[in-house]
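A short worksheet on the structure shown next.
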Amino acid sequence: MDDEDLRELLGDAAHGYFAGGAGDEITLRDNMASWSRLALHPRVLVDVSRRDSSVELLGRRRPHPFVVAPMAYQRHAHADGELGTAGAAADTDAVYVLSSQTTTSPADVAAAVPDVDRWFQLYVFKDRQISRDLVTAARETGYEALVVTVDFPIGGWRERDRRSGFTVEHPVALNPGGRALTTAELFALHDPTVTWDDIGQLADEAGIPLLLKGILRADDAERAVDAGAAGIVVSNHGGRQLDTTLSGVDALVPVVDAVQGRLDVLVDGGIRRGWDAAKALALGADAVMVGRAVLAGLARGGRTGAADVLTQLVAELDTSLALLGCPNARDLDRSFVTPAPWP
Amino acid sequence: MDDEDLRELLGDAAHGYFAGGAGDEITLRDNMASWSRLALHPRVLVDVSRRDSSVELLGRRRPHPFVVAPMAYQRHAHADGELGTAGAAADTDAVYVLSSQTTTSPADVAAAVPDVDRWFQLYVFKDRQISRDLVTAARETGYEALVVTVDFPIGGWRERDRRSGFTVEHPVALNPGGRALTTAELFALHDPTVTWDDIGQLADEAGIPLLLKGILRADDAERAVDAGAAGIVVSNHGGRQLDTTLSGVDALVPVVDAVQGRLDVLVDGGIRRGWDAAKALALGADAVMVGRAVLAGLARGGRTGAADVLTQLVAELDTSLALLGCPNARDLDRSFVTPAPWP
Amino acid sequence: MDDEDLRELLGDAAHGYFAGGAGDEITLRDNMASWSRLALHPRVLVDVSRRDSSVELLGRRRPHPFVVAPMAYQRHAHADGELGTAGAAADTDAVYVLSSQTTTSPADVAAAVPDVDRWFQLYVFKDRQISRDLVTAARETGYEALVVTVDFPIGGWRERDRRSGFTVEHPVALNPGGRALTTAELFALHDPTVTWDDIGQLADEAGIPLLLKGILRADDAERAVDAGAAGIVVSNHGGRQLDTTLSGVDALVPVVDAVQGRLDVLVDGGIRRGWDAAKALALGADAVMVGRAVLAGLARGGRTGAADVLTQLVAELDTSLALLGCPNARDLDRSFVTPAPWP
Amino acid sequence: MDDEDLRELLGDAAHGYFAGGAGDEITLRDNMASWSRLALHPRVLVDVSRRDSSVELLGRRRPHPFVVAPMAYQRHAHADGELGTAGAAADTDAVYVLSSQTTTSPADVAAAVPDVDRWFQLYVFKDRQISRDLVTAARETGYEALVVTVDFPIGGWRERDRRSGFTVEHPVALNPGGRALTTAELFALHDPTVTWDDIGQLADEAGIPLLLKGILRADDAERAVDAGAAGIVVSNHGGRQLDTTLSGVDALVPVVDAVQGRLDVLVDGGIRRGWDAAKALALGADAVMVGRAVLAGLARGGRTGAADVLTQLVAELDTSLALLGCPNARDLDRSFVTPAPWP
């Protein structure tokens, strides 16, 4: 589905929110382009009759590295909302990350889609009690990890939303039964004072593993290790925060080299093909998050549409392993990728 | 406002003058593109609840690094003319640089907009008395510094003006009450014999600090230190002089490294976003000049339009500091920028 | 003939099969672009009145380095089918490689075009007896070498074929008289367990020289030497297997340097001009395979059309030798090529 | 004048000949693009009131570095033909090089435009007597140097001419009064056996200085010194011989460094602006040849049109010297140019 079709489905305001990015959208566009700046360098004549895309994530083996990224307000994309994407994750054995800006309550998601491996995404809000309550509720309804977004101390500079005045009606976790809020009003709830000390304390109190989403520098990755994080997501927030920020894949290698396996490294931003994920693993990532591609599937066909996207990604990764001559995803290393010679 | 809208507002001749550049306009276009050849590399989990965009310029703390560049003939862009851009600078705490090709007298600007921090731009004319009178008048009416343009010994090769025969009616400082002049006639007043000795002498006599605008080489930056300049503007004159000249940002680092803080370094050319300014500061600039963006605002909405542009630049820089995890502009360093991996 | 003309000739499904590639077709497009990333650096004032494009291939001198690549299902492109391309090779002294997915039997090709130097391409099928029978039949009908395709353990991810449901009616060698098969059904016959040991055994049993097609890495090239291969084809299967895979020319130099003349090195992918072949030879290749260009000629004009393409390639190479100041193709070395300065 | 206007003026066949290049015209296009891959790095505050564009060429001071390149069949571009371009050179103090494929006899050019500094371009033909007679005639009618084209042992691969069947009616020097010839017939007269020995002999016999046009390699430049050449032209024959050949400017620096002033170095290919020439001089060239730009001027306006082009180039170079802060062309050095940061 191309972007124009998505705009027709969603209308301008919601499309602007879901498909748009910060500033001139240089980073938004580059996220997708960034993966194709790596070329693949396959090996041949290896027995690839059995492929194994599995990865180890937070100490558990997962059948493949795809994680559904946290995305806000999914009922604005399709009536299935978060139940659709969580269901799609369940259908495809993907990890599911529920956004704290969810339009379905964490408990409802847990009840409706009990079998999916669920993580809960968290912003640290000015009113810390909101965050604390969200953590408790998430843990008690079976969310296995917290994904704390750390690249959102304030809202990004998103001109499409400024023009459209996009408002949100269902951020139930934050605003149960409340009036519609603009994204700017919601963004104002975020706490811009959060530091590594707060993260250390949160890691101590959470009772479930903590991942930090939005790390782009090796020095911050080291700090994440020190703070007790179980993982990090190398991410520029889908190009939605600060335009011309480096893409996840371009920031990945120094981060991987800094942490040296002391925590799990995920990467996101622009992943649209299974071989993008193969490249991420070859560079040293443990898993990948996929956001907008799943959202587009949800918009097009609800749970089924989202599951189709994930199914294709899994199949493409499986094909990539066969054609790279590397049947086990865990054996992918940097010899399989090289800077693309094309422009 | 895009370029076509500006052309409709101004008409072909004035639009050609304000929007055009030298030769095939390779440098004109590249000035804007040059900033996006730097990617940002943000830090996270820093308390960014209070941001401080302030910089020190000519020994004084300024709330932000934006300086309105000297631009000629502003009444040709909007009836508000120089009073509009000076007013906009006052409204936004920007430094204002009045062009010696002003269509409003320096005294009138001083009287109408007393509160703005004003600098006066100077060409050295063949008739040195004109220059001397301009300096005296500027100093006496409260202009706090002189910005001597050094990259205009002769007029640039501007084909739009050659075709349109653009003429200027109001360069009051140079031609009070006189007939309309073509830009070529005005350019012929410039003195192409000016050397570093003249600058040294001017620095001695001026009575106010001297900045040299149009430096692109480290060796010339050293000479500016020796000549007693208080600052330099790394600039290619908006791409209006010699096509295929290097952009300011591409010339900046060697200049910063050469002067080592012995004078203030500003940079201009193509700045359209607050994060462009963040990059300039990260590379070591002390402030940035913004010209055409303010002019476009003036053309669209007079003083208000110009102020809107500056307000947005300030807000974008503030957002950038938050999202870079660097709440104080003075702490920006080269670790926050990296050559963009995108093409 | 441009791609649109080819689409009209062939219809969407066959055109999609012949002209399409894997995934987003980045590699497909790059194969053609890759040769133009090398610039030529000619020498002058050499007597070039007699040019000699000849190369030594499998121990025999050939008048020029062009080899017709194995291509499946040629009767879907033109009624002349494999007899057309084999005839074209005969007409132009090119080596001809018959695909095991041929729509004309190897014996019929041998009978109809007895004079062409013929090699036989082989997939290793799950049913090894099919492969063994093919080898025997090929050897007995005068095919002088086996080209074992090693980059096709499973089918590539080709979206045009998925959409069109392209079916094949005449893969006579595999399915004599059988019903039409989709490419997916045919691909399922391939054996994904084949390893270097199988190749070593095949090299021992074949009775004719063995070339391995689809090598891209220096380490695999070394293994090919060890396995007793007489040659390798540096190839990404025309961009039809795994998208964003490196092009043949970009993978060539490390392979050439690894094998050090111990076997013949051919390269394919995107060769459209005689000077592309000159570049391949200058980098150290012994010969080049040309596929789609010949296929397009076949589609346009049967045997004559295919021969025209080969004739032009030979003439362009001859012209290149003259204008490079290197009358003997064997004297081409890396001093004649340099990374192109253009983008 | 853009290319479409030129096509209308000349008709398809002549336009194809004059505007076309070899193969896919990658080199043809790149010749023009190549100059913009160098950025200028100006100096300021130098007295530039008097500029001097003069260069020394073949031991004589010339007022500027522009040389009109030899171009065949000029009456096919405009009725003024060679008299028009020679006259334009006279009008602008440019050196004029008459092509041996001239449509006006060398003697007629000499008689009609006596004041221009004239060089004569020579191909070495199979019938050496033709070449010898041409040299004698040229010397006797006041041509001061011979420009021997060495990159044309055979004709280039020009598809526009192959399609159009462009024929030439007036190559008077070669075919006085004869029938119209195709370019292929004319090209067949060239001698592909010419070597450095022949050049050495020609240099001994010519009686006037010899320049070799079409050198691209440092080793060939050394050989030119040894053969007694007075100069070389770093050139790819306007992109008309072998496609994807390196441009003159990209080949220039190693050549300049190899010859170390032992002969004059000219460069051509794609020069369209005075600042292109400034870059050539900064890299170490002694002069530049301009071909197609002058031809386009001739096509548009005969002698006047061609002179306008040269006048503008001279003025742009003068402007460049002023704005580079380098008033004397002989002082241009490599500090004024840098690889362009733009793509």
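In this document, chain identifiers A, B, C and D correspond to the written order of the chains, with residue numbering beginning at 1 in each.
To be clear about the criterion, a contact is a pair of C-beta atoms (placed from the backbone, for glycine too) under 8 Å apart; a residue touches a chain by one contact, two chains touch by 3 or more.
Quick caveat, the model's predicted, so the values are computed rather than measured.
Colleague: Treat touching chains as neighbours: how many steps, at the fewest, connect subunit A to subunit D?
Modeller: 2
Colleague: Based on CA centres, what chain would you say lies at the far end from subunit D?
Modeller: Of all chains, A has its centre farthest from that of subunit D.
Colleague: Between copies subunit A and subunit B, are the contact residues mostly the same numbers or mostly different, with half as the line?
Modeller: Answer different: the two copies use largely distinct residue numbers here.
Colleague: If you fit subunit C onto subunit D using only Cα atoms, how far does it have to rotate, to the nearest 5°?
Modeller: Best-fit rotation on C-alpha atoms: 90 degrees.
Colleague: I'd like to verify one number: the distance from the centre of subunit A to the centre of subunit C, where each centre is the average of its C-alpha atoms, in whole angstrom.
Modeller: Using C-alpha averages as centres, the distance is 42 Å.
Colleague: Between subunit B and subunit C, tell me the centre distance in angstrom, where each centre is the average of that chain's C-alpha atoms.
Modeller: 59
Colleague: Residue numbers in subunit C touching 2 or more other chains?
Modeller: 343
Colleague: Would you identify the shape of the chain contact graph, picking one of line, ring, star, complete or other?
Modeller: Contact map by chain: ring.
Colleague: Provide the full list of chain pairs in touch.
Modeller: Applying the touch rule to all chain pairs gives A-B, A-C, B-D, C-D.
Colleague: Using the touch rule from the top, collect the residues of subunit D that touch subunit C in their complex.
Modeller: Within the complex, subunit D contacts subunit C at residues 23-24, 26, 30, 33-34, 37, 150-151, 153-154, 156-157, 192-196, 198-199, 212, 214-217, 219-220, 223, 241-247, 250-251, 343.
Colleague: Spell out the part of subunit A that touches subunit C in their complex, as residue ranges.
Modeller: So the residues of subunit A touching subunit C come out as 35-36, 38-49, 273, 275, 316, 319-320, 322-325, 335, 338, 340-343.
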